[in-house]
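Next up: the structures, one after another.
Same chain, two partners: chain A is paired with chain B first, then with chain C.
Coming up: the complex of A and B.
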């Protein structure tokens, strides 16, 4: 038999032995677990509803709001200018371009933090940057922005300022009706007529 | 860059037919140059006078296997994204028997019959005609054989997983089996009377 065949056979055998000896190696094209852990523990991955409201009102061009709830919930109610990318579709290639645009601040939100958090982890594994979660989700959005509760009268100035901002934002998002309702309340003006004093009888 | 190129979106999905055409042309060229358009050479494996087919396809299989595993180790390809054909046990056995019978009777397998047609072999043309008749019968009779076709689905299993071996160990075993096969078939070929074709 040809000598070349023997050389090739030995070469193949060596390659085969190499495959047995080589340790299993995991490849992470995605973020490594260590990086993921440090990102997970970094509180800056959350962004408050106030900050989101401020960015929407300022019409910040870098803001990309992503609603990760399903399409029905999205159609029902969502934040102005939000895009709908349901959690199941978040890894689809259609979204790669918009989600990997580095200069945008991507804010994920759902009803609470849960879905958004899952989407955040998936996108982080895919090495997307600038991904944030709207803290508390839409539930918190309603509590803080749409129907803010007034602070106690003894609160610090910052809290009162924040409340003022939230009320302003509420008017912005609801088109002013909320404020009117709050202002009118159920105060009824009671007109009290003074009893007519009797004509003085007699004279001096 | 990490493969596989199409599932990873590096090459658009629209290109797969173009790539298939190019690979098909190269494959056909290699088959023809290796003499695989001769039904006698192909049928030789069943009569024991020519094991070239076995050696060529076994070599191709282990080369591709070793290449893929090393590429996977180097991180050049994501092996978890490679499509693994699902196994339907009964259908595979029945299909294998039918294919084997067709192979031994006609002297071609589907790919090599096309090679034969390309160089104008009449037996290959008849074989290809028969193949299309077979496809027609299969399609028309599909409701009858659907039960067999879909039974015993094992999913996308790999042999090493079924045997409980690591990928590397199984690869080494397969290489040893391949080399032994090459060696033994050579001995058989030398002992069997030479057939001129």
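Coming up: the complex of A and C.
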């Protein structure tokens, strides 16, 4: 046997052991600061209140609403179907994997968008995708969806359409579904006919 | 050494091949910037709310020209030229992690100079601030309300309402109250609409006696 083969065998063995140890040396499963900074500038991390309202009304199964405010605020008022995961607990319980699946669109919200943004950055660093922030938070939600202000008469058609959508969404979220039934509901009209008398009446 | 022998050249080739793989493994995926803090440690710092700069405090710092502070404007150069906080340095967000800037940040840290970051809104500075925080720059603070509030809002401590506008995470209105109020109004309306409307035309009763006539 050639001596070189022994050397090669030993070398390969060492390399094999080295490969076993290597993955434990450092964790590369985090997004680097540079990646995080470029993700910050991607506008698709935000989702508008109109889009969220539309998804709730359509009962979109991919939507996963997450309220990052504390529990008292959540109990006072929150969006329909939202989960309460306060910012303090955002990294616990591995909730992203247990609540969502591949196609899920996770939407974080708070009263404004600062808390949601902080939660977003921490989750993004742990390489969770499909996470969005509701732009403007609940303050914007009340301003645009619950109490929309009518556009000026001269505004563009899109704006008027948007207002009509918001007005309809407002009725939906306030629980006024019966407002639509009003038109279709059957009205019973009872007409009382006059009893005819036997005596010959009037006339020339 | 003779490489004419087929086995020997084969061995040499394998050794070179393995060396290339080893070098590749060692150099691949190595991020040039590293986090000093884990996400959990960052979260603890966030909840303590220590590194927030109130606009009225910043006014005091600028007017008294207190030493030990640096101000960084994260907006675009164009916006910076149009107007900025006195003494601010312009570092747009996308060049935040450039080498020269990081060198400057390290100098600030070693001189224990507090750095105040601001964007047009607080949201604009929030991300960059959190990235630097996770990289271990503890001396960075974020300006509440951003430049928008600083250039328009009341900055005198005594003029301020109880809940200043820059505390954006405060609810702007009583959510539960509004939902109750508006919800009730529509319910009443719909209740009234739910009842079947009975229209009873009241006709004039004709008397059996012959009436009128020509």
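The working rule: the second predicted complex is superposed on the first by the 143 of 204 C-alpha atoms of A that agree within 3 Å, B and C clash if a C-alpha of one lies under 4 Å from a C-alpha of the other, contacts with A are read in each partner's own complex, and residues count from 1 in each chain.
Quick note on the criterion: contacts are C-beta pairs under 8 Å (C-beta built on N, C-alpha and C of every residue); 3 or more make two chains touch, one makes a residue touch a chain.
Remember, it's a predicted structure, so these values are computed and weren't measured experimentally.
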(message) Which partner chains sit in contact with A:34 here, chain B, chain C, both or neither? Use first/second/both/neither.
(response) second
(message) According to the stated criteria, A:125 is in contact with first (chain B), second (chain C), both, or neither; which is it?
(response) second
(request) Would you check which partner chain A:16 touches, where first means chain B only, second means chain C only, and both and neither mean what they say? (result) first
(request) Quick one: classify A:149 as touching chain B (first), chain C (second), both or neither. (result) neither
(request) Decide which partner touches more residues of chain A, taking chain B and chain C as the two options. (result) C
(request) Across the two complexes, find the residues of chain A that touch chain B and also touch chain C. (result) 5, 12, 15, 18-19, 22
(message) Touching residues of chain A toward chain B in the complex: what are they?
(response) 1, 5, 9, 12-13, 15-22, 24-25, 27, 29, 93, 96
(request) Please give the residue numbers of chain A that touch chain C in the complex, ascending. (result) 2, 4-5, 8, 11-12, 15, 18-19, 22, 28, 30, 32-34, 36-37, 40-41, 73, 76-77, 87-88, 90-91, 110-115, 117-118, 121-122, 125-126, 138-139, 142-143, 146-147, 170-171, 174-176, 178-179, 181-182, 185-192, 194, 197, 199-204
(request) Show which residues of chain C lie in contact with chain A when the two form their complex. (result) 7-8, 11, 14-15, 18, 22, 25, 29, 31-33, 35, 39-40, 42-43, 46-47, 93-94, 96-97, 122-123, 126-128, 130-131, 134-135, 168-173, 175-176, 178-179, 182-183, 186-187, 189-190, 193-194, 196-201, 203, 205-206, 208-214
(message) Which stretch or stretches of chain B touch chain A in the complex?
(response) 2, 9, 62, 66, 69-70, 73, 75, 78, 166-169, 171-172, 174-176, 178-179, 182, 186
